[in-house]
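There are two complexes below, and they share subunit A, which is joined by subunit B in the first and by subunit C in the second.
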Partner chain A sequence: MAFVGRRLLHSIFVLWAVATILFLMFRLMPGNPLAAYISEALSAEQQNLIMQQFGLDRPLWEQYVIYFGNLVQGELGTSFHRREPVLSIVLSVLPNTIILTFCGLFIAYAFGILAGAYLAWHRGTWIEGVVVPIALATRAAPEFWLGMILLAVFAFWLGWFPSGGANSAGAMYAGELDRIFSRDFLLHLTLPALTIALYLQGLPLLLMRSTMIEAMHEEFVTMARMKGLSEWRIVIHHAARNSLLPVLTAFALAIGPNISANVVVETVFSWPGLGRLLVQAVSTSDYPLAQGAFFLIALVVIVMNLVADLLYGFLDPRVSHGR
Partner chain B sequence: MTLISRRQTLFLGGAAALPLAGLGEAFGQGAGDPVRKIILYSDTQGAVPQSFQAAQLIAQAWRQLGLDVEVRPTARQQLSQVVWYERERWDATMWRMVGRPERSDPDELVFNLFHSSTAPRGFNFVGYKSPEYDRIAEQQRQAVDIEARKKLIREAQAIVSRDAPYAFLIHPKTLQAFNQQIWDAGSIVIQKGVGIRNFWTFVGAAPKGAQRTMIINSGTQLQAIHPLYIAGAPDSWVNELVWDRLVRVGPDGLPRPWAAESFTFVNDRTVDVTIRDGMTFHDGRPVTVDDVIFSFEAPMRTDKVPMFKPVVSDIEAIERTGERGLLFNLKQVNSAFATTALGRVFIAPKHVWEPHLKSVEGKPENIESIRDSANVGSGPFRQVRARLNEEIVLERFDKHWAAPKMDRLVVRIIPNAEAVIGMLRSGELNLLAEYGGDPEVLEALAKEVPAIKITQETDIGMEFLGFNNRRPPFSDPAFRAALSAAIDRDVLVQAAWNGFAVPSTSHVSPALPFWYAADLKPPASGVPAAREMLKSAGFTILGNRLHYPAGVKEALKPGD
Partner chain C sequence: MVADVESAALMRRSSQRLAAARDVARRLLSDPYTVAGLSIYVVFIVVALFADVLATHDPTEILFRANGRVAANRPLGEGFILGTTNLGRDIYSQLVYGSRSALMVGLTAAVFVVAIGTLTGLLSGYFGGFVDAAIMRLADIALAIPFLPFVIVLAAFLRPSTWNVVIAVALLLWPNTARVIRSQVLTVRERAYVEAARVTGASEARILFVHVAPNILPLSFLYGSIAIGWAILTEAAVSFVGFGDPSRISWGFMLQDAFVSQALSRGSWHWFLPPGFCIVLVVVAGFFLSRGAEEVLFPKLRS
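Right after this comes the complex of A and B.
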């Protein structure tokens, strides 16, 4: 229990540090948010008014206090350009991003785990000699290139899938749930999710394979063989289960970075998600939106780290956290 | 051993003395300091590859004049910061003026770009100051006789062509396309200087078959759909459809009555307007003269509508003259008033926006901070759904007197320029509103799929190189003219714009044939001619470096 408490405090401290760095980072960046507003309409007085509106005329420490005070209350501020609360903007794109990220990750890890286990089982065969380089190659290939290839083949050439967006043009639904579970959405989701999956599967595949190879040499596996259990049972019930732990930890840790890293996939497939929103916010110096979005992502990463830490101790009784 | 004869010595000595004599000649003429390294700002290659490429070619040409040039690709934000907010600090920059229907009247560019009043903070960021030009710019605004005004506009072009505050480069050709199996090609309108993506196409396009929804693309997401704020280009396309205007710019580039049944200049400073009968807003309420007056007075009387304040700055007062009549009294003659004011202000429903305006009174916010989810207007389309980073869905407003032929219009946000090609082919898009990719790919698509028809239109806008007229050597018009002459615009068109551009001589585009001075040619062009021009201006090239005229010192360091 003390361990959990300590980790929690630690996470809160990291969150505070991240929030502070975010605040400073944007304000120290070159470029003036007003530069995105250039129009003959802005006289000197109006520019000053805008600065006032955004609180940019106040001293840095005052801005920080206001920022932090708001943050603690869950108030992420108002976007400079969209003039809407940051939270509502981010929440509007969050379902799309979360679904895309999780689908991609699930496919990648499900495939990676199964394939890794299979490869470990068939160690030394030609299959391994072919699949491992392919896995490495997909990991090394740039994500946008993978995306463009899938787009070109499956959307443009074969016409099996749509070329972009999260839904067909003008499609109307009764509600968010209806939209997410519609066939239309699923069709649009397939290619971007496959791209992410293709890109990410290298890690779980190779990790699972190497962990399993180790596990296959463990004494309990030898014991199981001596007991006369079938090879299948040994691989799945004994070796694979034990090898899953590092892979699951990797999964938990992968969620955070991938939520925002999908900007490339989002651009290739015109997927309306958080990554694109972030890039736009940064390039137009929309401080509140960029800060708010980054902060939420940091929150997810820190929470998932905490979960991974606790999960590991829970799943594997052998692991102790020191007393 | 041969003795060198006296003659040989004299000869050798003479030969040795020649370069020294040359130097002596130079000192005798008195060349000034060498010109410092010039920093030429451009967009980054990823953002605007044409501008980047053009900057490289221009720098090459200038190096042949003995200038040391550094091209500095800069992200848009930082570029705007330097060029706009630090006006003393840069030498030269690539820049562009976007073409819009409102710029079909040359007044906006002719006045705002070069009148000295907009030099400190406005669009005259190059700091060009010419009393001669100021006079012409002011006079053309007040010339009610169109032929007299045409002469003045022509003179304005001649002055800037001579003085070269910019090196005018090109007017781009907008490349667009549409599916002619879905849309009757005869109903797609090409607006001068704008292309097929215009109000008249959206209202007039006739579907041929079952597909009655027009799906267009935008490369960037929208920031706001708002009658009192234009947040960006795709935002303006939607605003124009949801809210009406008294006057609209027609496909020929001239203003025509729209929500106004008629508008007449009673005298130079008074415009009599009668609004159409029977117009309603999307919520069923009637459109009245009060709504129109409110829409103009909100920017006039308050500081809360900054986007439209300059547009209405010439209006002294508006009088209601009847149930459908109003009178605009102007402070001074403004010959472009119909296009630049009546053709720009949107008719916002007073019953919706007056409370919004009151809500920002006394606070630092202005009307641009208000977001109305219903977006009630009186335009030919009504808003069904707006997901600003994904898609906007508009549907036909049946009660409009010029209701569109299509059922719906969908604007899809597609940041991937190459994907639009595949989408045109598959029918996910049926009108290509903007295209930033390789023109050859689009042409190949059109060849392969006969349903796709490509259109090209020379833009009202232009790409140019701005000189900082405030600081030497760019404060010297002859120097600027020479540097402008050294640029081979034909090479730029082919190499940087793939042939999709026309060379530019001034700020008025050939897309406006009535105003464009077609006979205006720059005095000379090419590097040798430029060298001559520099020489006549007193500059000299010594040892491959360009030097100021005699006695002139280089006062600045590169990057100052």
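Right after this comes the complex of A and C.
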């Protein structure tokens, strides 16, 4: 329990630090410091309201206190272009980002674990000589470029999948769940999720392979062999089981970085998620929206890292909980 | 007297080190991964240095055909090795010049990452206590900041330039190096010759930079070669979402140009495939190099 408390405190500290950096970053940028919240396009009345809400006429430290007060209440300001509260905009695209990230990760790790186990079993064959460099090369490729290739082949050339967006224009759904489980949504999801999977599969594959090879030399595997168990049973029940832990840890640790890397994949496929929202907001100088999207991405990353840490400690009792 | 003994010991160690270095170099060159990585680097450096000679056209010039029309979207061959872009620019020449900005971004970022990471790792591991705690908390924060969003926001706020990408990469990537260096310093610090130097009255700075630092330098270079790849990938991603340096032709810029100019739907494979392959080659060279070096220099690290 003390371990959980300490990790939680640590996460809150990091979140505070990131929020502070965000505050400074958006105030140190060139031009009027008010520009981060107030657009010329807003009416005088709206401008005054925002001035008061964020204390923009007060000294910097007071602004900082007000900023945190607002942040804790989920008050992120109003988007310049959409004239809507930033919070509702970012929350409306959050599910798309989460779904995309997890689908990509699941495919990558399911494939990586199976292929890695297979390679460990067939060690030293020609397959190994081909697959290992390919796995390394996909990790070295720009993620958006892999997306561009998939897009060019499967959307434009073969025409199997739509080329962008999350839903066809004009499609109506009874609710969020209906939308997510619609065939249309899944068709749109396939290519971006495959892009992420293709980019990520190298790590679980290589990791699974090396831990499996190590596990095959462990005493409990020799023991199983001596008991006369079948090769298949040894691989699945003994070697693979014990090799999964590092791979699962890598999975949990991959969630956070991936949500921030989604920026490019979402841009390639015009996927309406947090990353694309951030890019659009930054390029249209919609500062409150950019700030809000950035904060939410950071929040998700920190929460996911916390979950990964706790899970790791829970799954592997050997991890020392004290530092 | 004390200084004499120390310098004699240092000299003996440095001649031993030279022999050891020769041995390491021989083993490195017998590793296929290292050789492949090194060869790729050599080719790209040569291309970057002689870009003016190798390029067939000015990469930004709009080219015309004999009949006076813009040579837009020309396929492979026909006077243009890799064809032309939708605005009539020579793709092959852009690719050649792109190697310059890739190597520049990669090398400068790697130097910064290694310098910051090594210094903080050394201080943190050697002094421990408050210094260690402060540096490691900073590292935690840097690692928690969403990487690409941060680089994009920074590049957009400070005007888009290659330098801002380099700065952003350096600000967020040093912790990985620092953590590894720190743990290495923790073990080196306890070695007998460090203890001996302390007994002879060497200053803290001398112990740190003369006795400890040389032993962790290979590890720094290892992380440097990975940072080169990261920086190139980051520059490409930032250029792709539209916040790259507009005055400089990079592979990321080429990909963005191809993407927004409908090269994908038009099937201009000769436009958007080559820059990606170049990035893969350079980044993979870093992976190969670090993999090979890891096996020769730090056999134990592989587990």
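The rule we apply is simple: the second predicted complex is superposed on the first by the 285 of 323 C-alpha atoms of A that agree within 3 Å, B and C clash if a C-alpha of one lies under 4 Å from a C-alpha of the other, contacts with A are read in each partner's own complex, and residues count from 1 in each chain.
The definition used in the following text is that a contact is a pair of C-beta atoms (placed from the backbone, for glycine too) under 8 Å apart; a residue touches a chain by one contact, two chains touch by 3 or more.
Since the structure is predicted, the reported quantities are computational estimates derived from the model, not experimental observations.
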- prompt: Thinking of the overlay built on chain A, is A:Ala17 touched by subunit B (first), by subunit C (second), by both, or by neither?
  reply: second
- prompt: Which holds for A:Leu119: it touches subunit B only (first), subunit C only (second), both, or neither?
  reply: neither
Message: Looking at A:Ala140 after the superposition, I want to know if it touches subunit B, subunit C, both of them or none. Which is it: first, second, both, neither?
response: second
- prompt: In the superposed arrangement, does A:Pro272 touch subunit B (first), subunit C (second), both or neither?
  reply: first
Message: Looking at A:Pro162 after the superposition, I want to know if it touches subunit B, subunit C, both of them or none. Which is it: first, second, both, neither?
response: first
- request: Would you check which partner chain A:Ile302 touches, where first means subunit B only, second means subunit C only, and both and neither mean what they say?
  value: second
Query: Of the two partner chains, subunit B (first) and subunit C (second), which one does A:Met208 touch, if any: first, second, both, or neither?
result: neither
- prompt: After superposition on the shared chain, which partner residues are touched by A:Val263: those of subunit B (first), subunit C (second), both, or neither?
  reply: second
- prompt: Who does A:Ile234 touch here: subunit B (first), subunit C (second), both, or neither?
  reply: neither
Message: Just to be sure I follow: which residues of subunit A are touched by subunit B in one complex and then by subunit C in the other one?
response: 30, 148, 151-152, 156, 163, 267-268, 283
Statement: In the complex, the residues of subunit C that touch subunit A are 137, 140-141, 144-150, 152-154, 156-158, 229, 233, 236-237, 240-243, 252, 255, 258-259, 264-265, 267, 269, 272-273, 275-276, 279-280, 283-284, 286-288, 303
Task: Can you check the complex and tell me which residues of subunit B touch subunit A?
output: 75-78, 80-81, 84-85, 112, 118, 121-123, 213, 215, 221, 223-224, 231, 303, 306-310, 364-366, 368-371, 385, 387-391, 393, 408, 410, 412-416, 418-419, 421-423, 425-426, 428
Query: So in the complex, which bits of subunit A are touching subunit B?
result: 30-32, 34-36, 38-46, 49, 52-53, 78, 81-84, 92-93, 148, 151-152, 155-156, 159, 162-170, 172, 267-270, 272, 276-277, 280, 283-285
Interface residues, subunit A side, partner subunit C - complex: 10, 13-15, 17-18, 21, 25, 28-30, 136-137, 139-145, 148-149, 151-152, 156-157, 163, 214, 257, 259-261, 263-264, 267-268, 275, 278-279, 282-283, 290, 293-294, 297-298, 301-302, 305
